[in-house]
């Protein structure tokens, strides 16, 4: 497969930017919302003659920066970056982001150390056996202050913990979206209906990651020659039509 | 020699976390060791603790080995337990009580399955406090003892019957858990009679399924 | 000598029944012994277990001493201990926890600012796990809730106190990495070129390597 986007590893825009700068240059200095949009559209137009590697990476950078900018533009919300990049000179904007990324990277590093510590401590077990018979009666009245609702919460949380544990044991973690799997699901929908709109594919109130992965899925299908894409005008819905061999429904 | 130390260490670790007497055969099975060697090692270990005048001892009782505190220090332990903060709730006891309240009648294995840890000592402390009692046996689970809450439990919380317990689904932290709770506790309303033998019917099956 | 053995035995017995770390001072008070002597005895005991390669060990954590099994035997007893709580924390949770640990007390906005992303859900899960708690309000930041780590955090991460957290400075990206980040974020040319060769320089490795 030509490109691969690890959505499950996405821990926020800083994390993603770090991953991206590890791979290639990212020109933040020149980024503005309209520019990102223009570039995106320009890229989509030239998509058929471009390497999809570049296109998908670009999309991610664009999404990242948009997220940073959106966060800094929202009134009353927490300002993740602190200032609006557009108000700064390119040099200032870059330095600001470098400082943020370096600070974030430091915590990312120490988080690795903490994880290692936690892992090694988790291999040591404290005694859970409780008291021996002769001492049990000496324990204070532990139920003082306990309410029925408190008891219900304890029981529900236990069941929850167990559910999560079993779920993870089955390797059916909910968070990551597999691009391969999602692409296959889109292919199957198409095999059934022939033509479908992008908005229908993602459904109402779709999570951003679902929109992204669905978009990547139709790009992948396009690359393999399994679908035709049509968008009549800017920001219009994308019409996806199945074509060619639709094997393995 | 190396292997001896390792086996001894593994046995000690196992006994340390164990909540109940464990037979030499069971230890051997868990550690994938030779039963004869394990039995011998257990005896040596018991002697070692005795000779070194440790604060704990290893004793064989009721068909298994278990670590106990040394009786010579029981006064000190009493002092210690009495000094425990009354308002510090023992999470283990609360959890076991909550599970019994909502899953009753339930076996020890059923409680363990929900809590994810062994609960024997905790259950006996609840029994001792008169909050939980033995109520018959689960015939389909090797005659395991079934536990229910007591009248004292109801009175403590001002309940007329167990039907008045707040519905557990309402407290589920997410939908998946809520569905799981509905599935497990759902079906016929929980109307537990004091009739001990009839207690182990449909609900006991549900419990067995969790194990 | 007799007295030493007795004190050691009593300490062992107390530790054996304790369900939380106990400070040397508390042990001394219960046993009516000299705090200095008890503190020393605890250290000697920890060493004794270590030297004899026991299956359990005595460790100082979260402001007290507590017995734990030796990690060498984790695999052997893992199944026996069964616990739902062995789940690892997610990357996001670890990052948020790290920020709270080093910046405490800190508001949600403070955590978000470092991580560059909304951390609300992650913080609630840390609170639910008992690793983080609310500790007052920041009057200067619109009464935002302040978060700190808990005792359980110290214990789960094997720290005696917060002073034992590894110094944050040691985890700062080195100058080369910082320079690489700066270089990669700069440059006037639109550089989404697929020129892989340019990207795979030493600096790229630096950044990637630390990930």
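Letters are used for the chains, namely A, B and C, taken in the order the chains are written, and counting of residues starts over at 1 for each.
By our rule, a residue touches a chain if its C-beta (ideal position, glycine included) is under 8 Å from a C-beta of that chain, and two chains touch if they have at least 3 such contacts.
Quick caveat, the model's predicted, so the values are computed rather than measured.
Sorting all chain pairs by how many C-beta pairs they have in contact places A-C at the top. Central chain by Cα centroid: C, whose mean Cα position is closest to the mean of all protein Cα atoms.
Centroid to centroid, with C-alpha atoms defining each point, chain B and chain C lie 30 Å apart. Averaging Cα coordinates per chain places chain A and chain B 41 Å apart. Counting partner chains per residue, chain B has residues 13, 16-18, 69, 77, 81, 90, 92, 115-117, 173 touching two or more of them. Touching of two or more other chains is recorded for residues 125, 127-128, 130-132, 135, 157, 161-162, 165 of chain A. Within the complex formed with chain A, the chain B residues making contact are 13, 16-19, 68-69, 74, 77-78, 81-82, 84-90, 92-95, 97-99, 101-102, 113-118, 120-122, 124-125, 128-129, 131, 156-157, 159, 165-168, 170-174, 176-177, 180-181, 184. The touching residues of chain A, counted against chain C in their complex, run 9, 11-15, 18-19, 21-30, 39, 51, 53-54, 57-58, 61, 68, 78-82, 94-95, 97-98, 100-115, 117-128, 130-132, 135, 157, 161-162, 164-165, 168. The residues of chain B lying in touch with chain C in their complex are 5-6, 8-18, 30-31, 53-56, 67, 69-70, 72-73, 76-77, 79-81, 83, 90, 92, 112, 115-117, 173.
Residues 125, 127-149, 151-163, 165, 167 of chain A are the ones that touch chain B when the two sit in their complex.
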